[in-house]
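Some structures are shown below for you to check.
Common to both upcoming complexes is chain A, partnered first by chain B, then by chain C.
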Partner chain A sequence: MSNKHIIGVFDDDQKLLTAVKNLTQHKANIKDVYGPSTSHELIKAFTRESLLPFLAVLVAIGTIIGAFGFLYYTSVIDYPLRYGGKPLFSFPPMVVILFFLTILVVGGVSVIAFLGRTQLFPGKQPVMIDPRASDDRFYLVMDQNFNPEEIKLWIIEAGALEIVEKEIDTQTGWGF
Partner chain B sequence: MISTSLDQTLVKGHKNYGQITDELLANTEGRPPLWWLVGIGLGGLMLAFGGWAMYTSVTVGLGTWGLTNSVAWGWDIINFVWWIGIGHAGTAFTIFFLVFRQKWAASINRSAEAMTVFAVMCAGLFPLIHMGRPWLAFFIMPYPNTRLLWVNYNSPLFWDVLAISTYLIMSITLWYIGMVPDLATIRDRTKNKLRKTIYGIFSLGWDGSLYTYNRYETLMKLLGGLAAPLVISVHTIVALDFAVSVLPGWHATILPPYFFAGAIFSGFAMVLTLMILMRKVFNISDYVTLKHFDNIAHVLKYGSLVIGLAYAIELFLAWYSGVEYEIYTFFNARASGSFSTAFWIMVVCNAIVPQVFWFKKARKSLLSLFIVSVLINVGMWYERFVILVSSLAEDFLPSSWTSYQPTIVDIGIYVGTFGLFIVGMLLFVRFIPVIAINEVKPISRIGKENKKTEKHVE
Partner chain C sequence: MEHTYKPSTLIKALSGVLILIGVLAVIYGFTSDPARTWSNMLINNMYFITLAIGALLFYSMQYITDSAWSALFQRVPLAIGAFLPIGAVLMLLLYFGLPDIYEWALPGITETDKLIAHKEPFLNLPFFMTRMVVYFTMWIALFVVLRKIASKEDSSGGMDPFIKSRYYSKVFIFVAAISFSLAAKDWIMTIDSHWYSTLFGFRAAVTSIYYAVAVIILIILYLNKLGYFPQLNTAHRNDLARYLFRFSIVFGYLWFMQFLIIWYANIPELTAYYYPRFLGEWQVLFYAELLINFAIPFIVMMSDVVGRNKIVMPTISIILLIGLWVSLFLQVMPGSTGELQFGFIETGMWLGYAGLFIFAVFTALSGLNLLPKNHPQLEESIHHHI
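Coming up: the complex of A and B.
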């Protein structure tokens, strides 16, 4: 299979959005879009909802159960110290601790999960399609599973600046 | 449908994305300006003074502070509460932006979060030093130890430890994750090899893929949602440090909401002060407009009303309770006694002066905005001073009454935290875009669509 891709270059994310909508309507496969910023509409246009919130809920439940067990173990079982005539275990102060611990752990796990899933890490060599993808250009990358001429037409119609064809190398990426 | 003639533009002028990148990265490029070097020098000197004061506190002992048997919490805790309060605005702006979708907050978000990070760092120093032996700070964490003891989970001081550390970690995370795409922009622009390497490491190999953006957007919303309850709860916990005690003036259920309102109030004032200064020295007046300041001024105006109401309710409840100690603390010690100067500075600066923002002229003038924002933070410092010292210095037993004077070491630590804050903010404005470029780009078009189509028709 050829690694050749049709790339539409845009300078406006509204035009890009039109192109993406056109292409998805015609069931053409969009490989990816690279750009300096994004909008909610563009993300909704062809990506699936991230599953991160589900993970966050699971981790939150786990943290609450785990932390509750830890607090109960330390204050009732391991060292039952009674001070001020208060009960060994009281729930209200635990709520505060569970609340902060849950936020801390869920936040941390979410960031780690995000970095793992997107394969970002400190010192990673970026596979930039073009240095301007982080400045003022959007790159719409198409898989060649469709009539290339038609794809080009739709991209041009939406208002692309130019269309380039490029091969991606699995080793060096886009050649930058 | 209702149509309004309101000016909806969030970024002035017709700029393309390239221009926005150029303008917002200008502060990180070229040689550092003279004022920056002078600022770093000044901040460094203040930090050195603070370093000496902290060294003295640790080696000689806390006897070098102005604390007495009665006033066991002095400038250290006053400044801790003050800095934590200032720190609240950054996260508040993040919530405006990420949770309430207030798009105008995009251009203030980054600086406000930077302010939060450094303010919370300054705040965290005080309880640490107050321990006397800061190298044993880990004792407050529940861990299996040779003393076979666990910490007291019912103590608000332990909640404080958890709250402050969670808050610091979460705000650093939000701040850093939010700037990753911008760091990638610098990485791809710079020709300098060292800069490219350093920004390359911190930008995590960001390539601007939409799939990454999709997950990134979800992550940011999630972190924003997690940080939202933190804003309310952290200062609530700080308030509980006081409210669960039995001292008159501290032992009040109004303290948590009152502290929270004060935190948002002082934080917004500090954001205003800093943004006015940044707008003065950087070319960002198209991004941070008078309308942003107008919005903040409105928040301050209503915040001031809430604070004023809280002061009035405290006085009312003291009278209504009929408890002579409460009445003494509020009416004699605070409003008319030894602490009346501080009390009235607090009332004037917090509850009265910000009311000038009812007038449009005051909201439009940078000078009045600046003066009021500084006065608010002075007033907020005095508020913490009044709450802490008046209740401790003149409590139940007149025989143990005392006065409180800070020493040079107290002042040194406070000045040192200012140094830390100044140096931190200056490093931030030098190496990181002060406005979130990737967030400002999509909103730069808002309010200009109509004009654009008109042009197109012509």
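Coming up: the complex of A and C.
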């Protein structure tokens, strides 16, 4: 399969939205969408649910279990020291530690997961599909696993200004 | 688009029947066990005053934060405040039952109890009643002002009522946050007159919004089912559900903060409050309070999609209304009567108060336009989306 991609250029986010709706209706796989501003309707039309919240919940549960085990090990098994007349294993003082550890670990893991998913890291060169993407143009990127002629037709129908075909190296990002 | 609301005969009949049950419960209570009846009266007064103050705090919060999304149904929290005059009368009636509830109000207690004698300059009958009158005067006056501005907005429109509402919202939040936390300390915390907690009043004032939002949700969904608020969309419900979720965390945090410090420090005066609740016969309710008010809403409302469901949202709200009762029951009863009793007096009196509450709120709702048609943020609220 070639790395050729079809890129639709739009001057209006509503036109882009109709194109995205057209394409998702026909189950064509949209690679990505670029634009100078966010549109909530566009994100909804994309129907790509983020998995980050579920990851956060899983990591939170894991952290609570792990931190509880660690606290139990340190305070009861490894170094049983009785203070304040409290039992060796007492839950209330653990709650605060569990609470803050959970927030810390989930926060860190979420950031790292987000950066990994979006292929961002500190010091990365920004890749742009076109200089105008940060100005006033909207871009719709499709790969050619569908019928290319039909895709072009739908993009034109929605009111695209032009259609560009470009080779894109998908492994290292958008090499323009 | 329907602008006004008229209570159906069903609501009127329901509130009438509930009030009747309440009157029967009060009569039965005073003939069989007056002390328990007075304590229940205090619980229910505090319960519905909490809802009224919380709703008005919610209303004011929307103004001072310039929140447009809630403008659509802002008359509902305003109407809930209409319970305050009824609550004031019922609270003042408690004057006749003070020695049955409060240890410090017993005649001659200052001679035998040194700690209460030390607190006497603050905890004495005339000053206690004066404070009560002052609190209610301030709350009712501010409620009347807010309501008058709202009614003026309906008739004349323009930006002037909005700016005035915002100003008086600031005043109300300032006044109510301080006076309601003091009131909670006065009315609830002094039952265990040797015990004190700095956090107590703050907790009562902050969590009042939590329960008020639950009531607001129930009323809005009820009206929506009747065909009012046709513009109410998923985004509105989503934001209301988020309120419940956030406040469940606040509740758990404050509840635990109060407990942990006393548990850790282990000072006899303070642990005397938690001993019967944490280890004695009230233990089941102690854990139930945390489960109902924190754990269940926290876990269920965590997902937005589940939280804004039209069945889940009212269910959680009803659970929270039970939670507020359990919470107040646990704060009042061990100190006042000291006996764990649950029967017709408890249920009947709560139902009676609920009847009064429904009567007051739905009458107030019909007094003003249901839809604030001249509110400058109404259009934005109708098209609210996230």
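Quick note on the criterion: the second predicted complex is superposed on the first by the 128 of 176 C-alpha atoms of A that agree within 3 Å, B and C clash if a C-alpha of one lies under 4 Å from a C-alpha of the other, contacts with A are read in each partner's own complex, and residues count from 1 in each chain.
Here is the rule we go by: a residue touches a chain if its C-beta (ideal position, glycine included) is under 8 Å from a C-beta of that chain, and two chains touch if they have at least 3 such contacts.
Everything quoted here is computed from the prediction, not taken from an experiment.
When both complexes are superposed on chain A, chain B and chain C end up clashing with one another. Of the two partner chains, chain B is the only one that A:71 touches; chain C does not reach it.
Once the two complexes are laid over each other on the shared chain, residue contacts for A:13 go to chain B alone; chain C is not touched.
By the touch criterion stated above, A:163 is placed in contact with neither chain B nor chain C.
By the document's definition of touching, of the two partners only chain B reaches A:56; chain C does not.
In the superposed model, A:115 lies in contact with chain B only, and not with chain C. Of the two partner chains, chain B and chain C are each touched by A:40.
In the superposition on chain A, contact of A:85 is made with chain C only, not with chain B.
In the superposition on chain A, A:96 makes contact with both chain B and chain C. Set against each other, chain B and chain C touch different numbers of residues in chain A, with B touching more. For chain B, the stretch among 152-160, 206-214 or 296-304 that collides with chain C in the superposed model is 296-304. In the superposition on chain A, the residues of chain A contacted by chain B and by chain C overlap at 40, 53, 93, 96. By the touch criterion stated above, chain B contacts chain A in their complex at residues 16-18, 20-21, 142, 148-150, 152-154, 158-159, 162-163, 165-166, 169-170, 173, 177, 180-181, 184-185, 187-189, 200-219, 222-223, 226-227, 229-230, 233, 237, 437-439, 441-442, 445. Contact residues of chain A toward chain C in the complex are 40, 53, 57, 84-85, 92-93, 95-96. Those residues of chain C that touch chain A in the shared complex are 256, 259-260, 263-264, 266, 302-303, 385-386. Of all residues in chain A, those touching chain B in their complex are 11, 13-14, 32-40, 42-43, 46-50, 52-53, 56, 70-71, 74-75, 78-79, 81, 83, 86, 90, 93-94, 96-97, 99-101, 103-104, 106-108, 110-111, 114-115, 117-129, 131-136.
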